[in-house]
Each structure stands twice: as C-alpha cells, then as structure tokens.
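Shared between the two complexes below is chain A, which has chain B as its partner in the first and chain C in the second.
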Partner chain A sequence: MAALEIENVGKILRDGQAVLRDVTCAARDGELLAVVGPSGCGKSTLLRMVAGLESVTSGVIRIGGQTVNELAPQQRDVAMVFQNHALYPHMTVYENLAFGLLVRGTPRANIDLRVRRTAAQLGLEAMLRRYPRELSGGQRQRTALGRAMLRQPAVFLLDEPLSSLDVPLRAELRRELSTLHRSLGTTMVYVTHDQSEALSLGERIVVLAGGRVQQIDTPVQVYHRPANRFVAGFVGWPPMNFLAAESFDDPTRVPAGEGALEYGVRPECFCARPGGADDLPLTGRIERIESQGSEWHLELTHRLGQVLARLRPEEALRVGEQVRLWVKREDLHAFDRASGLRVEL
Partner chain B sequence: MSLRTRALQVTTYLGLAILAIATLFPLLWVTSIALMRAPETAAGTPPLWPHHPTLYNVVDIIRRQHLGRYFFNSMVVAAATTALSVLVAGSAGYALARVDFRGRRLVSWLVMLGVLIPNQALVLPLFEMFRAVHLINHYAALVLPAAANPVGIVLVQAYMRGIPAEILDAARIDGASEWRIFRSIVVPLMAPMLAAVGVLIFVVSWNDFMWPMIAMQQEGMQTLPVALAAIDREHYQDIGLMAAGATVTILPMVLVFLASQRYYLRSVIAGSLTD
Partner chain C sequence: MTRKHPSGVLFVLPALLLLALFVFIPLIGVFGLSLTDFDVYALADSANLHLIGAANYWHLLRDRQAWQALEVTLVVVLVGVPATLLLSLISALMIESIAERWRGLFRTALFVPVVCSTVAIAISWRYLLNTRFGLVNHLLALLGLGTPDWLGSPNLAILAITLVVVWKGFGYGMIIVAAARREIPDELYDAARIEGAGVRQRLLRITVPMLAPTLGLLALLDVSGYWQLFAEPYVLTQGGPLGSTTSLLLLMYERGFRWWRWGTASAIAMALTAVMWLFAWVQRHTRAGWRGE
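And now, the complex of A and B:
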C-alpha cells in the first residue's frame, strides 16, 4: 500500500503529438481516485505510464515516495486491469490467477491458498478449471480483477474495466468493486469515460480533457462547483443547460460579474413554482415531454434556445403550451465566456 | 433446417468430395501401381487395382538403389531445416510484431522482399558462398540457407499482430521477465501457427530439388527427390519401380500431415483469442 503522486507529467509521442501536458494529481494511500474524461483524452496513456508500459516524457511519478520513472513494469509494485480483460487465453482461471505469484517465485502451497481465497471472494470457485473462452463477460472481468488483487500490489490500476459489460452487470460489478476497495484498502486509480461511474466510485475525481487536468475534487464538489465550462457540461446527465442572461424573463435580475458570462443550470434545478422572491423565472414552450416514471424530462424552447428540465410529473403540463419555470440563484453557475473558467456570483 | 440451407449443405459437401477425390486419386493410383508386377505394368495404362499385390518393387528399389540412404539424407535435412526455421520464424516473427526496436520497419520490409525473391535466383550466389566455406556436399549446405524462411517469419508476424498486446503487458505487470513472457505466453499462443509453419517448411524442404541437386553432388549425399530423378533416367520403362519410389517419397509428408492434423483442428475449435 502506498500513495501515488503524479507531478507535471507530460507525454509526447514519437510523431510529436502531445497526449498529456503537465498533469499533476495524486492518490492518497488507500484512496480510490477516479480519472474521467472523453475518449482519446489520454486516460489510458496516463495509467500505462504509471504502470511503466509507456515512457514518461517529462515530470515525475512516485509510488510510496519512490520515483519510478525509470523502473520497468516488473519492478513497480502495481497491478492493472485492462478494458478487454487481457487474460491469458491458454491458461485456466486458476493458472491466470496464479501466474503473477508463480513468476515471482511464491511457494506453491502459498499460491494455492491465495488463489482459492481470491476466487472465493469473487465467486469464481467453480470456474477455476475453465479457460477464459468458457467464461461469461462478467466472470472474465472478475478473473482479471482477481489476477490484479491477488498480488496485493501497492497501487491498483483499472482501465475502464466495466465498459465491455452490459448495463445490469456493470452496476453489479461497480458495487462489488466499491466493497472490494473498502475491504482491501489498496490505493486505486480507476479510469473511465463514464462520468456517472466516476461520480459513484471515486472518493475524488480527476477530470481530464485534451491531455490536461480540468479539475480534481470530490464528486460533490465536481458536480456542484465545476471548475470550468467543460467540466460543467461533461459531468452530470442529462447535461447542464447553458444559457445567456437574456434567456431569462428579466435579464436585469440575473447576477452579473466582470466580463461576459455564460450561465449554467442543471436540469434538476428547475422548479414549476417559485420558492423564494429571488428565484429567476424562465418562460418557454414545451416541445416534448419524456416520462421517466418518477420524473419528467421537459424540452423547452425559450427566447434564445432550448433547455432540458427534470420536473416532478404534473398533469397540467402539456406539449405545445407555455410554461414558466424557476431557478434558485444559488443553483446558477456562471462561466467566463472567454476563458470558460467558473465565476463565483 | 430449411430446404435451402439443406441444399446448400449438400452442394458444399458434394464440391468438397469432388476436390478430395481429385486430390486423392493420383496418390492412391501411384500407390496401387507400386504394388503391381511386370505384366500389369508393362502393357500401356496400368489398371486401377493390383490383381496380385506385392511389395517386390518397394523392396527392390530400397535394396538395389540404396533408397534408404537417400531417405535418411532427406529426413536429416528436412528435420533440421524445420526445427531451425521454426525457431527463427518464431522469434523473428514475434520480435518484428511486438518488440519495439530501432529499424524494425526496415527489417520487416527486407523480410517481405525476401518472400518475393525466387529461389532459382539464389542458386548461383549460394553455390559460390558455400564453395568458399567448403560446405558443398554437407547437410549444412541445404539446412543453413533455409533456416531463415521469410514466408514463415511473415506468417508468424501477422499471426502475432492478431494477439492483443495487452496480454503481454499484463504479463509484464504480473512480473514476468521478457524471456519468461516469450516462453510462457508467446510460444503457447503462437503454437498453432508454428505448427503450420513447421509443416509448410518440412514439405518445401522435402520436395526441394534444384538447390539440393547442385549442392549435393557427391554420391550418397543426394536427397530423395534428386536420387529418384537419377533412378528415373535409368529405369524410366519400369513404371512399377518408379511408382514405388514416388510412394516412399510421399509417405513421410502424408504422415506429417496426419500427425499435425489433430493439432490444427484443435486450434480451429479453440476459437478466437480475444473473446
């Protein structure tokens, strides 16, 4: 067990493409750090650099205080779970789990004990003699997880381990992973392109885009105080609505800051009735109502564009009619139009 | 099963059966002729089936023409060539596909170029080279030039590219040394392709004619096809004897195919590596 520190790390490929620029983040000892960002933003590259599978162009990576930049993957005490499981196809589940201990010269009896214990933890006891091709998607990913866990590494790296699974299975394994992290207490870095996965699993979240860190904070902070427009739009589903002051019925009541601002309102922050005197009204025509059972998704056309609102179902709401919705001042996010940075109102 | 798929199946099997017969018929006929004696083989086209099957021709060609000696030569050369070139193709193919080193693309291109050069074009330079190092009339003259088989290397390289690189990365993270990865992961995964390359190289080596004829001129050092051609020049009227020689020549290849067939089937059934 150890902390992971990534300091000013950059990665430039042979063809000159800069994949990562000046990335600084850290996972505390025992922490589950989620790294989230759109596809191609450099998440896998970052993880592979921590594992030693990619060279570090600039900056420093430390595991447990020791600089590991020049260490081969074999010498870093890390384990990794790959997106496509990467199990050894010619080995049984037992052999897949045992391989890492075997090559490190662990005594056979000890290997057997640990393999069986891990298999039991992951519900794989009955699968030990099967080959990866004879397993379901979930069992394969569990095996990959087991292979990584078994060695009790200092840092546990997971690269979109659930993205190849279907939705119910993904939810199930997500819960298991969370439990597992609590029981193992190992430092984990969990990479995903799925913001909801990052929000539900991460103790802290690193939002990455275009090879740069956009924000590092707890899920609550990232969600409620996004550092810039990108994070605001990327985290949360359905995504935040972006509005101009003129979108509201009375632009003069919209709090202003220095320079031109863009405003953000999360879909669930609209109310059908005013809650206080300060609430800002916004009027629009209902274009579509999508019932989600416990709530409705309303698509409105207002003066300058469209917004999506999540409301409690109300029979009075009808497609084609005008409706006035209310937004609390504290639910209003503001971003500088030029820099995209968050502006406190 | 619908009528259409049924009809398709019947047509497929019919086509395969015709192909199988067209392939097997000459082989079986030659074997059959090898078991015949003078009156049957003397008069024009021999019959399809021997009336009094006998091993006389086989025993005769092995005894009088010392076929055993040439068979031994061919076996040594083909076995050594196969072993050596599977080793080279396996390691070179892996390195070209998955090991990052300077000049990899250039080497890949050169190997590809090697596939395109016809063997006949190499005979003269090879002869000069081997004469210079006094290896003419040695087994090495036949084994060494064949050791780096570009077709084998290209086949292994392509096969290796189909194996996800993450599997090797996983082994690295598991703590395995590069050599251990090659031994415990790469070789077992490449095994079906190595077997296929081995069979291919064995057959090519066994059948090779031009270079062995030139490189092995000393009596008793010839390979089976070369020796057989010499016997043919002397005894071309004796169809039975020639058929016996052909049968003895073909036999090892049939055995190699039969022995490796189970392995191919298993690797096909085993299915893809990635899912």
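And now, the complex of A and C:
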C-alpha cells in the first residue's frame, strides 16, 4: 500500500499535441481517487502514465514516495483493470488469475492458494476452469479485478472498468467495487467518463478537461461548489441550468459580483412555492412535462431561453401554462463570464 | 433458403462440369488405369492391355524406388514445414515490429518468391548453387567455408531442395501470420507488461498461443503443398543424384511419361491422392476444434 503523487505532469505526443498539461493530484494511502472527464480529456493517458505504459514528458510521478518516471510497468507495483477486461482468451480463468504470479516466478503451491482465495472472494470458484468467452460480462470483469488483486499491488488502477457492461450490472459491480475497496484498503485510481460513477465511488474526484485539472475535491464539494463553469455543467444529471440575471423576473434582486456573471441553478433547486422572502422568482411557459414517477422534469421557456426543473409532481401543472418557480439564493451558483471561474456571492 | 430450387443447380452446374471434366472423370480414369498394365505397347495394340487387379499396388509396396521417393517426400515435409512455419512466424513478427513506412517494402520483398513461377525460381537457384560459378559458393569461399557440391551429393541435394522450397513458401505464411498478429489486442500486451511479463514471456505466453490456430492451419496447408513436391527437384536435380531428390510426384511423372508405364504411375497417383484425402479430413476436423476462439 502506498500513496500516489502526480506533480506537474505533462504529456506531449510525438506530433507535438499536448494531451496533459501541468497535472497535479494525489491519492492518499488507501484512498479511492476518481478521475473523471469527457472523452479525450487525457484521463486514460494519465492512468497509463502512472502504470508505465506511456512515457512522462514532464513532471514527476511518485508511488510510495519513490519516483517511478523511469521504471518499467512491472517494477512499479501497480495493477490495472482495463476497459475491455484484457483477459487472455487462450487461458482459463485460473490461468488468467495466476498469470502475474507465474511470470514472476512464484512457487506453484503459493499461486494455487492465492488464486483460490481470490476466486472465493469474488465468487469465481466455479468458473476457474472456464475460458473468458464462456463467461458473462460480470464474471469477466470480476476475473479482471481478481487478476489485479492477486498480486496485492501498492496501487490499483482502473480504466473505465464498468463501461462495457449493461446498466443493472454496472450498478451491482459498482457496489461490489466499493465494498472491495473498503476490505482491501488499497490505493485506487478510478478513471471514468461517467460523472455519476465518479460521484458514487470516489472519495475524492479529479475533474479533468482539455488535459488540465479543473477541480480536485470530495464528491459533495464538487457537486455543491463546482470550481468553474465546466465542472458545474459536467457534474450532475440532468445538467445545471445556466442563466443570466435578466432571466429572473426581477434582475435587480439577483446578487451581483464584480464583472459580468453567469448564474447556475441545478434542476432540483427550483421550487413551486417561495420558501423565504429572499427567494428569486422565475416565470416561464411549460413546454414539456416528463414524469419520472417520484418527480417531474419540466422544460420551461423563460424570457431568455430554456430551463429544466425537477419538481415533485403536481396535478396543477399543465403543458402550455405559465408557471412561476422559486430559487433560494444559496442555491445560486455564479461564474465569471470571461474566465468561467466560480464567483462567491 | 429453398433447398430444392432448380435454379440453384444451374448456378453450380458450370463449376460441377469443370470439376467433373478435370477432377472426377480423370480420377476415375486413373483408378481404372491403376488396375491395368497399360503401357506404350498397349497404345499400339489394345490386345496388350490386361486387367491385373491390385498387382500395381503390390509391386509398389515392394518397390525400393517408391520407398525412397516416400522418404524424400517425408523429409521435405518433416523438415520443410516446421522450418517454413518458424520463418513465417519470425519474419511476420519482425515485419510487424518495424516502422510502418518500411513495412510494405520488406513485406513485398519477402513475398515475391511466393508469386514467382516455381520453374523460374528453380532455374535461378540452379545458377546460385552451381559449384563453380554460383553466388552461394562464392560467398562461402570468401568466408573460408569450402565449396560444397550442393546439387551433386545426395545429402546436400535434398537439403538444397528443402531450402529452396522453404524460401519460396514462407512468405505466404508470413502475410497470414502478420495479419493474425495484428488481430491480437494491444491491451493484452499492456496487461502482461503490468503483470510482470518480459519480452520473452509475452512472446511465449501470449503471441505464440494466440497465433497457434493460424500456425496450425498453415501447417496443414504447407504439408499438403510440400507433399506434392515436383517442380523444384525436376528442374534443379532431375531427381538425382542416385534418386536422392526424387519425390513421389516426380517418380510418378518418370514412370508415366518417361517409361510410359501408366499403370504403375496411376497407382502412385492414387496413393498420393489417398494421403491427400487423409490430410483434408484431418484439416477439416482440427479446424472445427479451433473455431471456438
């Protein structure tokens, strides 16, 4: 077990394209760090650099205090789970699990003991003699996890491990992964493009976009205090609404800051009734109502555009009618129009 | 699909007619001939033609030359096929590991012998291997390794024939192995590197086993190809010296078209065909097993 430190790391491809710029983040010993960002943001490259599969153009990567920039993957004491499992198709589950120990020259008896223990932990005992093509998606993913766990690495790297699975299975494995992390206590870096996965799994989240770190914080902070407009729009589903002061019924009551501001309101922060005197009203025409059972998604057209609101179902709401919704002042996010950075009101 | 639609028969009819004309009818004819003592005298007077049953086959079993031809053919198959596969594998992996822009050049260079006429290649090699002015011996002499009589001594001649056969054949396997190598996902190698496998272990535990079905298929193709060895010894050595390079097919040719003993030649042809059928059967059944991938 060890902490992972990434300091001012940059990656420039041979054709001169910069994939990562000055990335600094760290996973504490035993922490599950989720790295999230849209596709092409450099998150997988970052993970591959930690694993040693990609060279580091600039900066330092340390595992357990030791600089690993120049170390080969096998010398880094990391394990990795790949998006498409990367199981060896010509080997049984047993052989797949044993591979790492076998190539490192571990005695057979020891390998057998550890393979069986790990298989038991993941519920794979009955599958040991099967080939990957004979497994379900979930079993394949468990095998890939098992292969990574078996060597008891210092750092566990996961590259979109659940994205190839269907939705119910993904939720199930997400819970398992979380339990597994608690029981193993190993430092984990979890790369995903799915912000909800990052929110539910990560103890802390690194939001990456355009090769730069946008924010590093706990899921609660990332959700409730996004550092910039990008994070605000990327994290949370349905995404945050972005409004101008003039979108509200009375722009003069909207708190102003220095410079031109853009305001953000999460869909669930609209209320059908005012909660206090400070609440800001916004009037719009209901374009569409989508029932989600416990809540309704309302699409409203207001003076300057559209917003999406999540409300408790109310029979009185009808498509085509005007409705006035209320936003608490503390639920209002503000971002500088020029820089996109968060502005505290 | 409609099973008994008459137009289906029309579609396969041309192919069937061609097959019948050039394969099935000759095959039946050859089998018939193999049961007779048909020779050049029978051409003049059909009274000289006798049905002799399996006598040609019994003679073949006691024919020292036939056994030698079988030995020659087996040596070329048993030495040539593994050598071809190894060369195909090594050259394919090397081609795949070099820079993309050089790949086409090397691939073409190594593939050229495959598409060249066997006779042309054999003639070129006869010059290259010539004892007095051949390039091979010239280079060997420069290195001080002597000037062996490649095509003149029995043991060297069969080696030379095998070398030429392998040299001509491995490019085909190379192209197929290279394509199969590209199909192996990079992720497997990434995973293996992280797991701690070095270059040698990645080759032996991932590349080779993943290519095994392809290599197996090539082995069967090569076996059936080399089993029909003919042009190389025909041009390079005419089967000599002392019959040391007379393959079964060459023996058949000699018996049939040099000595005009078509009965014996037909018996050899039938024996060759029987073995080929066996190979085809093995190929069908082993390939079915591999398709599990």
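Structure notes:
FYI, the second predicted complex is superposed on the first by the 345 of 345 C-alpha atoms of A that agree within 3 Å, B and C clash if a C-alpha of one lies under 4 Å from a C-alpha of the other, contacts with A are read in each partner's own complex, and residues count from 1 in each chain.
Here is the rule we use: contacts are C-beta pairs under 8 Å (C-beta built on N, C-alpha and C of every residue); 3 or more make two chains touch, one makes a residue touch a chain.
Owing to the predicted nature of the structure, the values given are computational and were not obtained by experimental measurement.
Taken together through their common chain A, the two structures put chain B and chain C in a clash.
Once the two complexes are overlaid on the shared chain, A:G65 sits clear of chain B and of chain C alike. After overlaying the two complexes on the shared chain, residue contacts for A:G16 are found with neither chain B nor chain C.
In the superposition on chain A, A:P168 contacts neither chain B nor chain C.
In the superposed model, A:V103 lies in contact with both chain B and chain C.
Comparing the two complexes, residues 48, 51-53, 72-74, 78-80, 82, 84, 86, 88-90, 99-100, 103-104, 133, 147, 151 of chain A contact chain B in one case and chain C in the other. Touching chain A in their complex are the following residues of chain C: 185, 187-188, 190-198, 201, 205-206, 209-210, 212, 292-293. For chain A in complex with chain C, the touching residues are 48, 51-53, 72-74, 76, 78-80, 82, 84, 86, 88-90, 99-100, 103-104, 131, 133, 147, 151. Contact residues on chain B toward chain A in their complex (touch as defined above): 164, 166-167, 169-177, 180, 184-185, 188-189, 270-271, 273-275. On the chain A side of its complex with chain B, the touching residues are 48, 51-53, 72-74, 78-80, 82, 84, 86-90, 99-100, 103-104, 133, 147, 151.
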